[in-house]
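Per-chain numbering from 1; labels A, B and C assigned in written order.
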Amino acid sequence: MSSSDVILIVDNVTKRFGGLVANSRVSFQLKRGEILGLIGPNGAGKTTLFNVITGVYKPDEGKVIFKGEDITGKPPHEITRKGIAKTHQIVKPFNDMTVLENAMVGALFGKRARQVAMEEAREIAMDSLKLVGLDAFSDEFAAKLNLHQKKMLELARALSAEPDLLLLDEVLAGLNPKEIEESLEIIRKVKDERNLSVIMIEHVMHAVMNISDRIVVLHYGRKIAEGIPEEIANNPEVITAYLGEPELALKFVKRRVTK
Amino acid sequence: MLKEFRSVTLGIIIAIIVAILVARVLHLTTLDTLMTIMYFMGIALSLNIIMGFAGYVSFGHAVFLGLGGYVYILLVYFLEPLNQLQRAGFGIGALLVSVIAGLAAAALAATVGAAVLRLRGAFFAIATIGLDFTILYLMKAIVPELNPDQFFGGQVILPADRIVDKETIFNAFFIATVVLIAVNYYIRKSPFGMGLTAIKEDEDAAEVLGVPTTLFKILAFSLAAFFTGMIGALFSLNGGGVDETLFGLNHSIDMIVMIVIGGLGTVLGPIIGSLIYYELYDLLLVHYPGVNLIILGVIVAIMVLFFPEGLIGILRRYKIGNVRLRDILE
Amino acid sequence: MDISLLIISSIYGLFWGAILGFAAVGLTLLWGVMKVVNLAQGEMIILGSYVAVIIFAMVYNPFAGAIVALLLGLFAGFLVYWALLHKLVGKVEKITLKIEMSTLLAMFSLSIALMNFYYFIFGDEPRGFGLWNIGISNIKLGAMTVRTNVLLADVLSIVSIVVVYLFLERTILGKSIRAVMQDAQAASLVGIDPVKIKMLTAVLGIGLTTFSGFMVLLYESAVTPDIAHKYAPLSFVIVVLGGLGSVIGALIGGLIIGLVYGLSKGIVTFYNAKMSDPVALAVVFVILIVILLVKPEGLFGRKR
């Protein structure tokens, strides 16, 4: 893989909280236009890794290189401006702002921060809302949305930043099967239309297996496997890791059976 | 779609400004009354920049009022050129000197803000109270030393040859108020204002969305301090001097209460809030002298418990016909 | 510089500090348990002082005043909780910044009303125990002369703090209060009713605060509304120093503030006596800001 194909390099990242090691020497690369699934049992350090990439946490060791530039330890707002956008696992809408205004914040302070005027931001925001199907709610206060809509608002806000790399932290959690299907469709669509690279943390196994080009598995902060979905689903170490969580292990086994 | 209605806010603002001007030209009331109204409006709109938009309640904001007052009065007391300047240009000169006072306040806000704006909620509020008392006691210690024969207990009274006539002060006050309203309006409509509101709603999410939160908070705090300092300066000039009571918590109370009555995060909120507050103050004082401020306290408690969004905040929920008030009271 | 003068100034500071510490105990409890920063702390303190003065005028016994101040404070706490705080924090498990702001403003409104009530009733005029003060002599401690009233206030303050500490550490009710302080959610899971505990905290906290008004009165000899403006900000400093919710922290915080004040005053007096009091107070507030920035959980508090 030539270096221009690679948009993100996570190189030997270690992050500790006191005695707890949340990430231990995690390394992987992401190609342009790729969807990478990031999976692992609860407490595996997935969200921590996102927070290291977006600058919320400074890693104790290791580097994060985005589009050939070392962004390790830069403040989150600078990293956002370089073209990385993230959705939150626990939705954080600006409740007393309208849905449109929420998305406008993404546009105003995203990759083209300081170049986007209010009117243009409004258009960008409206486009993102259309993409995720929230355009009808643009004038409502964000507090009024339901969980699915709030998750879609997170996505619209991130998309309004016009990123090159999109980090999705459990956008599917808590949604019903129909909503999951719709959301996957939206993610595929925006990825193709906007030529995005995507990393998604997900517990909904069939969805992540379905949509990802490649998958990285974290367990107790370490990377224990990396590969295409088929390889991961048949990887004994991965299944063992999930055995601590019988439900998820069962999903793996089911998938193997149905194959 | 409701663009034509959006200008209602602007209409109300212009009407209020014109009303002040008309009252001045036709001598409908005294200059002092008008200046008191502008003083209340001014301090409410100043604090609004950090409290209303960014959600940081500064309980010690009177520190900038006091600092602005002291800087202005001491400057014209000791420096003859500035004493000359404040009389020049029908108020422009006084305005320029008050800008120096405002800059001093802004400098303090930027320096201290860089540190204390890391604190949130009550901790920030308490830190600003600490700042207020620090500067208050420093002034009490230092000011008497500047002229031990005159400045007893930190009180500075301007001698007759350094006092400015009220017409001049009115002009300076008026320009400052108009600029301050314009700044509030601009912030509300600008990306800066969007960023501040995002900070108020969820600071961590705002930072991840690309809002330079630290920079914005310091900017908002410094702007709020700048205008508070200017108003403290003109207020003191009108009073012919300054003393430590300008640092009093009661001034911080005034600012906060006006914003709470009017509604946080809007431009009209603090303006309407200050007008109501002024009227209430007056009315209660006339009809219930002595207990007027006790009643005021009860009113504030009722507002906080039952109408936390303030007057404009409540109105914003409703519609008249097809027009949502939210769209026109922006 | 005269070292013995410095030492005496510091000891006077410590005498004041213990009283300051007790005056901050109510604040630290409310702040620790339900994140309510009582901005009417100063007004509550002098409520106790005024009550003591009134009762004294009626029965000519200062201690009767102290007891009535305590009882009235307990009742005031009950009222404050149900009138102002319950709606804002009663049933809330996690107190957000917005709620915190609302409680600040609610207590703020109380402070406006109370302060102006005092001005309305008592005006600026100092009120005290009058002749009773003169009847009580001074005590010589080596080179120092200390008013008996101050010593009495110190003993009462320290004893009260120890009693409150033992109550929190040893009794079931006290342990419940500490449990809610640490984790309201977990506490309710083990069957503690957070509403009851919050109400009790308000009753206890405000009762102790008005009780401390008696000690403040003994120290200051007379009460004016201005005393509130002096003690409230100092209480904030002490609570921040000692850590939210820590009673012993409040005592140590008070002693530290008293010591710093006395020491600064002693040093500045040597150069310029007139500047000594304001500079010493400025130093105290600079400490507040520094502690907030460096160690917001307080010198003795646990990390939040």
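The rule we apply is simple: contacts are C-beta pairs under 8 Å (C-beta built on N, C-alpha and C of every residue); 3 or more make two chains touch, one makes a residue touch a chain.
Small disclaimer: the values here were computed from a predicted structure and weren't measured.
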| item | value |
| --- | --- |
| Nearest-to-centre chain - CA centroid comparison | B |
| Pair exhibiting more inter-chain C-beta contacts, B-C or A-B | B-C |
| Distance between chain centroids, defined by C-alpha means - subunit A, subunit C (Å) | 50 |
| Whole-Å gap separating subunit B and subunit C, where each centre is the average of the chain's CA atoms | 31 |
| Approximate Å spacing (C-alpha centroids) for the pair subunit A, subunit B | 43 |
| Parts of subunit A lying in touch with subunit B, wherever the complex brings them together | 54, 56, 75-77, 80-81, 85-86, 88, 92-97, 101, 104-106, 108-110, 113-114, 116, 118, 121, 139, 157-158, 161 |
| Touching residues on subunit B, where the partner in the complex is subunit C | 55, 57, 59, 112, 115-116, 118-123, 125-127, 129-131, 133-134, 137-138, 140-142, 144-145, 248-249, 253, 256-257, 260, 290-294, 296-301, 304-305, 308 |
| Touching residues (chain side subunit C, partner subunit B) in the complex | 31, 35, 37, 39, 83-84, 87-88, 97, 100-102, 104-106, 108-117, 119-120, 229, 233, 236-237, 240, 272, 274-275, 278-279, 281-282, 285-286, 288-289, 292-293, 296 |
| Subunit A-facing residues of subunit B, complex | 189-191, 194-195, 197-198, 201-202, 204-214, 265, 324 |
